[in-house]
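Take a look at the following structure, please.
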Amino acid sequence: MSGTVVRNIHRAETATIATLERLGVATVHEAQGRSGLMQPYMRPVWRGASVAGSAVTVLCHPGDNWMIHVACEVLKPGDVLVVACSSENTDGGFGELLATSVKARGARGVILDLGCRDAAPITEMKFPVWSRAISAKGTVKASLGSVNLPVVCAGVSVKPGDVVVADDDGVVIVPRLDAAKVAKAGEEREKKEAVNRARLAKGELGLDIYDMRKNLADKGLRYIDGPLD
Amino acid sequence: MSGTVVRNIHRAETATIATLERLGVATVHEAQGRSGLMQPYMRPVWRGASVAGSAVTVLCHPGDNWMIHVACEVLKPGDVLVVACSSENTDGGFGELLATSVKARGARGVILDLGCRDAAPITEMKFPVWSRAISAKGTVKASLGSVNLPVVCAGVSVKPGDVVVADDDGVVIVPRLDAAKVAKAGEEREKKEAVNRARLAKGELGLDIYDMRKNLADKGLRYIDGPLD
Amino acid sequence: MSGTVVRNIHRAETATIATLERLGVATVHEAQGRSGLMQPYMRPVWRGASVAGSAVTVLCHPGDNWMIHVACEVLKPGDVLVVACSSENTDGGFGELLATSVKARGARGVILDLGCRDAAPITEMKFPVWSRAISAKGTVKASLGSVNLPVVCAGVSVKPGDVVVADDDGVVIVPRLDAAKVAKAGEEREKKEAVNRARLAKGELGLDIYDMRKNLADKGLRYIDGPLD
Amino acid sequence: MSGTVVRNIHRAETATIATLERLGVATVHEAQGRSGLMQPYMRPVWRGASVAGSAVTVLCHPGDNWMIHVACEVLKPGDVLVVACSSENTDGGFGELLATSVKARGARGVILDLGCRDAAPITEMKFPVWSRAISAKGTVKASLGSVNLPVVCAGVSVKPGDVVVADDDGVVIVPRLDAAKVAKAGEEREKKEAVNRARLAKGELGLDIYDMRKNLADKGLRYIDGPLD
Amino acid sequence: MSGTVVRNIHRAETATIATLERLGVATVHEAQGRSGLMQPYMRPVWRGASVAGSAVTVLCHPGDNWMIHVACEVLKPGDVLVVACSSENTDGGFGELLATSVKARGARGVILDLGCRDAAPITEMKFPVWSRAISAKGTVKASLGSVNLPVVCAGVSVKPGDVVVADDDGVVIVPRLDAAKVAKAGEEREKKEAVNRARLAKGELGLDIYDMRKNLADKGLRYIDGPLD
Amino acid sequence: MSGTVVRNIHRAETATIATLERLGVATVHEAQGRSGLMQPYMRPVWRGASVAGSAVTVLCHPGDNWMIHVACEVLKPGDVLVVACSSENTDGGFGELLATSVKARGARGVILDLGCRDAAPITEMKFPVWSRAISAKGTVKASLGSVNLPVVCAGVSVKPGDVVVADDDGVVIVPRLDAAKVAKAGEEREKKEAVNRARLAKGELGLDIYDMRKNLADKGLRYIDGPLD
């Protein structure tokens, strides 16, 4: 299916996406059973960015960013471009001009399993980009890949229309059909965490809050008074 | 000794720890004969943090942060939690809730030979954390490790009560019994460096200040006027 | 030729260097045919630095920074020190004192295919340094290398007097004799990009601006309306 | 869906699998349009192994091999076990005992995106295993994963019943429904290659056999007689 | 303590060492509670080597093998040289001449957290060496380290006289005072494994042999008949 | 100069090349002052290969092997193809068919700063190849690079006609004009090593043979009888 562009995709509901964005990567990842997290080499080009949106998926080849140009045409406002590469590569296939373009087309952010160039102007634009490297290495426009077919990006399977959530902790993918359920689970988790945070802040121990002492003892944990030296 | 917690440890003197903190990683590392420095993959979650404290050591297993919860109970104000892992792993075994907890218990910072999640809130809290990665990957609470037994963390042997010094340059460990001696050596080094810095700032050469010319000549260094092309 | 220092080198014209600095790494790299870019592990010690200058080249050995001291003497105002290492090493062979020294001698920046220590004071000094790592690991002064002979630094061949351009995107080397030509090509590229940026910002597509549709069709790209699921 | 085991899966036809095995990884990968290849860190525990079979997929967690034991029960003769891990880990979750077990249940080989222990006895058994590392590091049996649900293994999406082909070149996955088509395309490719190999062995050039000269000239390739130095 | 050589060390009993050698790395590592295993980047220069012996520990600096020469003098027959390095380095500090020397002095093998050169003659000599890399890169003799002081090698703390066990699975360290106990535990493990191996070879499942079904059910594992697609 | 092929190059004398081949990588690297060694990630596809020859240099782009086909035409018997890549990439740009071709044209071996596919048939052919990876990943023929211009390959500057020496220890480059001198220095080194090897084999210490005791004492090395524990 190389050489294929799918123009239209299903997208999750806007409200669901907004909830997932507010919850952030760590909570969403837990809420969907600790799955869907991209590998930790995916880092924001600038710290502090935080987005969620519908994945428009792109498959490129090493040193070649042609398909990103093709993908620009099918972006809708609120989308997040997710660019996979057919083998490991850090070339700078995305930079200021493409950032200008996808921003003009309404994209909320870009996820690159390749390099990003123009780190300074992209930081100044405050356009959110996550990438595996920062590299000025230029790319060619020679090989067809795909747009809006399923890809594997930074170790995670991404289907077009899945929800992408990204912040300083990295990037997590929520399958579209699970998005509402995950958003709800995340909100519940958030509430519990707020209670626990308050108790922990007062000096209570997780050992007690999470009721761990019995399990630890059952496993055989033993305490020694010490010091040993 | 897996499954063991030592409640009490010896600690270095507060004044010594304060001196080591002020001296910083690079000076302390030199002052103790260029030893004790953790591998350079250990990076601060946010730039500008700087701490020193007594090591409370933890051994976890990959993908499992149970022992960090156990360690919270034996922390004393001024301590620095040092978390080793039994094999290479970047999962996010420490995040905002644990940061809230260890801070409430008085810890001054955390050193993780694993991943850290919740990078944004931890940065906002200004709680000092050094880790090998930033990753939202969740962890389980299933396997016993140890607390306050000797560990190897990021290539360095750490005994409970050793002094941990950490800043933007990384993390260095000072054996507790050497701490006073190292602090003193560091202060002497600091004085010498202040003099040399002033001379270098005026344009004097290290070649002259450190009296290197004869050694270089003895080794056979030769000068050519050039240019060669 | 180990153990050799060349005192004098040819340098590119100041105006050319200034133009290359303004253009920045990404544009210069493209303007000289996508060559000369150091590997992307070379990162600025602090974000936002941007310099260009004539390369004074140094070859060190792992864990040994002696030749950097030697190189200080042959630096001229406007130079950029480029330090290669005879094998992969991250030890902190350059820190605050050497930064003070090379700054006093007029150097505009330093490129290290080794580690940099004293990240905090160097950031405070706003002295521009790119390195493969931040590490406090100290070095010795025991082995001769070379100054102002050709080196390979971070994957790029550098001859003394070549122009070094460095910013948040990394480091690119322009051969001295090509510098004027590359500067001119870069300025032309800059003008074209300004026009394209404006068009892209209005929402025009790269597909149309760069006239890609026919090539894509010739290669066999096919569009499907979708959604597929 | 963590904590789920699917007992039965569809499998490709035996004859198709046999053809794909004979063709080998490189030919199969090309025949399906250069897709499906696992990352090159996946290496055989011993050189010379070569297998194909139906994927029984397993998802484990770092340092935990419990689900491999669970998977043994649903293996059918001719299957290949494909073990993914929820984050990067090299612990030795598979060794001689499990090799004995899966071999007894008819498995033809094992693909591990984690470590393999007992390299010597597995080599002696001539049981084919590919892994990301060789490591004796033991694992626990504490966390549920899944068996026969889709996984991402070494950068490739694998669904249960997909055909796994593995040899000294690595591991490639052929989607089950494409297997017959890919086998056929591979056989055609093989025939063409046999002809070309014979011509190349006589000293004919790829430039002529593949008719590249015109394309090269159109792109602007120019020849210089040289030598240049 | 840099610049120190300890001439004499305590060693474990010969019979214990012989037992540990026969048991091999994987069994020994399990028998001592899954600890003491060096990182998996430590690989044999040639496959099939297998040794155990008393550790003579060396600390070198990057690019400098001087202390290995010093260590030769304190080697006793049956020892294994364990060479740590003060920072990450792959230079070839050990080759055919040193192999000839340590073999003549009775060493049974060498563990290098640096590079090994002369891979072909060392393979021909059948002298057992484990290293982090194969590299011809030469080293200098300029900096003092230590011999027979505790070191951290490939992530493991090694004291002089500890028992080193190494084979195709890697390298494991057994603290000297634990050696007899670990040898005994390993032999018991070996017996159990022999029984289990026989049962597994007949097709019995680990699920039943290790009685896992109840635990899996308690954790919530559920079975689906499938196929799902 | 991208898009340029130089047809003819100067080559070193056959006898010199033969001497360098016999001496091997480690000796040649030392004999030319510890320079010219490629990074240690360059490994032979099969162990035991050993070659020397004149470098025909190729620059490819990631995922593109077009220029290797172009280079075949300018190979002369005895040459070694040296393939650099404009950024880090492991795609399998060289396999059995190209091996057949370059062998038919008289090449003695191939050095690839990219991946090699068809590891099994190349091993069977006993055609010597060194590469940074084994990978079946296919490549395209879309971008011009160069043939017989200077390149940087695996960290070393290589000019066409330089002598390539490769064996199990890796790959070293000898500048053509230095080849005779280096061959002679290598032969002298070889003689000295033969004498030293014989002395070391008898149990004499390098400390005495190389007269190191005084230097060690001058540096401050001190001996303690021990044991310390």
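As written, the chains take the letters A, B, C, D, E and F, and residue 1 is the first residue of each chain.
Basically, contacts are C-beta pairs under 8 Å (C-beta built on N, C-alpha and C of every residue); 3 or more make two chains touch, one makes a residue touch a chain.
Here the structure is a predicted model, which means the values were calculated and not measured.
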| item | value |
| --- | --- |
| Given chain A and chain C, the chains that contact each of them | B, F |
| Interface sides of chain D and chain E: same vs different residues, half threshold | different |
| Selected from B-C, A-C or C-E, interface repeating A-F by over half of its contact pairs | C-E |
| Contact-richer chain pair (by C-beta pairs counted) among C-E and A-D | C-E |
| Geometric centre distance via CA averages, chain F-chain E, whole Å | 30 |
| Geometric centre distance via CA averages, chain D-chain C, whole Å | 40 |
| Junction residues of chain E - those touching two or more other chains | 34, 37, 86-88, 90, 135, 137 |
| Pairwise chain contacts under the document criterion | A-B, A-C, A-D, A-F, B-C, B-D, B-E, C-E, C-F, D-E, D-F, E-F |
| Chain E to chain C touching residues, read off their complex | 61-64, 86-91, 135, 137, 140, 142-143 |
| Residue ranges of chain D in contact with chain A within the complex | 1-2, 33-35, 37, 39, 86-88, 150, 152, 155-157 |
| Residues of chain D touching chain E in the complex | 3-10, 66, 69-70, 72-73, 90, 92, 95-98, 100-101, 103-105, 115, 117-120, 123, 133-138, 141, 144, 148-149, 159-161 |
| Residues of chain B defined as touching chain C within the complex | 24-26, 29-30, 34, 37, 40, 43, 47-48, 50, 167-170, 172, 193, 196-197, 200-203, 205-207, 210, 212, 215-216, 219-229 |
